[in-house]
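Okay, so here's the structure we're looking at.
Labels run A, B, C and D following the written order; every chain starts at residue 1.
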């Protein structure tokens, strides 16, 4: 039977001798045509991380059979945290957005060109501003007027929407609202935010104003998983641009928006391609 | 009378003593509230370049009167090439596109968010591929099946379209077709192309394949004015990304498309904000 | 009389109409062959900044005469802070260093090749470590065992050394000791420090350890003038390198040292070429 | 017996199933504490590349015994090209230099700080210019007045010097002379050159003049292995800086020299740490 697509196996466990040999030998035995192997050892914390991607075409067993075999022959032995992903199944991504549209348009453009390989069934916003633009792209747009006061209550509505649409992960495309702990717990390392500064510099509000006042010569943006500590979650991707004294706050904002676009889209791609493992508030991002 | 917007004056002339003093003194006398002055002297070629931007609100004379006064009191004296632009009037930009859509979507997104301050009355393509996407954004889409054989003939059609829509400048957003001399002459330094390499490296076809074969560790993209020498026109903007041996040709293409997007959009912004002066096949790009 | 070298005039004052015209007209009248003019207006604070560089060869008056004329005809009228520098006179730079030698060697190499156009009469250190290397380059090396306890007292010794050697400015090349207020007051905007992080991220001690723990994907370094607020002085130059999860703290340190070298040397060059104006804890750095 | 240092094994061979498992299983059996494993498959050319580094402290056999065992149990089976390196033994590097001293000083500074972990027994130059500076650092300096006419003859002298000093690899630190084929054959992928442009742009002479004329907005430098095709050898490392219209040729040269310094030193470090595998005129550079 010919099976389409690839399988990706992500592993983290305490570092021990022989893990790579065990995993690759097992996969070879099962007929996997391995395309990519990446591993990393955090010697300080004695932790082992691995990503293996193989073609399913000549794989001899079903994925469920693999799960059983892998659990018994490798995962239990090495106390692994592990997940198996199938590239055939597109991930379902929800966009949360406010009024700023630069990341929103970049995501939709990347999605339409196929560069971002996801389904986008729904866009949620606390403003009506982008309804028409969402609909241009044929995507359902839901307006939920979230405020600091009704945040928890609205999160219940938001999570209903996510469940209904079988959302795999959420992207905060300059959403400008705090995500309550209930939702963060429900989507651990599955909510990606773009912060408009080079964290940890200028966390919190108005980072471009802060950057102007401090007189920095470089500004940046940070894509990270959302945790309960605001702007403190594991960083997936960052990038920067050089600026100078002639940049007004408005110029910094415009320059920064270009950085935000590319950093957010890259962070999402890393996530979608199953290249990211988060631990100790840091990320391993396999190339 | 309150006048809206700003005026931008672009000057190039042989370098002589006293030009800056003469221009700024004249503008002061006429009530210009000067916002930005930039000048550059090419000492090797003894050429002087200047960009002045001022608020029109309290300017004492009309723009036509200014043209007369400036010609008599400054331009003639210093043998200036000069142009006066009014920011109030949006420039009209046509997009030529083929099948690759990454730059196309970036331009439309930047236009919709107001980041790119132009009107886009028409999109011309040698393929039907992007008709629906152009129309989503409410922009007229015209399909002209250009080939190497009918290029000159089709250029006549294309120029009719440009004239009808009163197009100020044309953007080749990965258009993949050669522009014939007749159109280049009609739009000197007003056709902007994105080349998918860091020129002059990898001019011509398939630059990402060339980059792969040569094993470069950095790839780039180049935004330039189109001249009759293919890929040889004055460079407006370039940018790069670091790559490595693990990048396949396809990976280089994907990485490169992100560079192309931002380089093209930046080059257009420089052009639209009247920051670019081309001479000797080089550009002065005032900040 | 033929005069060697160039003159550089640095001006800051409240923004008013006609300053550029006044300054350039005066210089033209006095026979200055102007090479570079740069100006910047901080519209928010209504402040004007200017740098003019001209050849002295055909300048009609002495520099002392210029000072008198400029004061009466321009500086007083516009309430200018201004300084006149002569490129003929090499500035005298002292290096303060501890045990880390990467910046030290980069400075001495740049000095020997002529890339850094200064005299370096003396190197001061709180350790003996680099005595021999300083002497290789024929530079006097003075060991002052500074500690947190004797800092103020030692500063008196240090300032005697600076005075004796007629030092124009001091470079802290990873000096690792706090400079007391008495010295900072004596050398305002004339002590340049390299901080081993992308400020304001990771101010204070052990920035590379902080960067590791936070899991940033980019690290940097910052060259700034020293003020009484530690790591808070006006930033002259910053640069960065991309890192990833595989970098240990030691790898971050090694990568960071390369950034520190180039950022410090660049910051010094900007200072030496009289391109830097500090105000409101920010810098204008003319190109 | 406690053995000092690490071992690095570099492998390239046709890609086959099970290589990683075979190598890692063998090393585990022999008591290797593996620190780093990196591998890469060139799917297009079906080639496999691997770098393994392990601690020798608890390794059960001698390196000679390892060579025998590895040949029989792995290398022959998979038709491997392979080399075993011991980090304990410092590599011996010769510097060839002309008059430009910026790379020369950067190498010596990096060597003195221990950042560049090599011995430098000899410096060879076609000029006397840097004799004194070489001797400051206690390194033998040999002047051989090479010209285009006596190049081949002088190469015999040069190779005698390299042999006498048991040189492992040669660095051309802006040497400005062509290396004849006889020396290139004797030191395959062991002569590292810095070219002062972002290759393949501006190969050949006077790249900064070429860059000025072409009006590029970014300049770069390239570290590569020397092959018989001038400026065409496998690229190890490249880097760039942004420039603009205000840069004279001299400014490009100065900016470029900073890039050359860091690119050359990085390329050498990659080589010294045995991270580089060259094939098909490209390089695999393991991180």
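Assume a contact is a pair of C-beta atoms (placed from the backbone, for glycine too) under 8 Å apart; a residue touches a chain by one contact, two chains touch by 3 or more.
In this text the structure is predicted, and so the values were computed from the model without any measurement.
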Copies chain A and chain D touch via same or different residues, half shared test:
same
Decide which interface, A-C or B-C, involves more C-beta pairs in contact, and give its chain pair.
A-C
Report the inter-centroid distance (CA atoms only) between chain A and chain C in whole Å.
42
In whole angstrom, what separates the CA-based centres of chain B and chain C?
37
Which chain D residues sit where two or more other chains touch them?
43, 244, 246
Chain B partner contacts - residues on chain A that touch it in the complex:
101-102, 105-106, 108-110, 112-113, 115, 133, 136-137, 244, 246, 254, 257-258, 262, 265-266, 287
Give the list of chain B residues in touch with chain C in this complex.
17-18, 20-21, 24-25, 28, 34-37, 39, 41, 43, 242
Chain D contact footprint on chain B (complex, rising order)
40, 43-44, 198-202, 213-218, 220, 234-240, 244-246, 248, 280-285
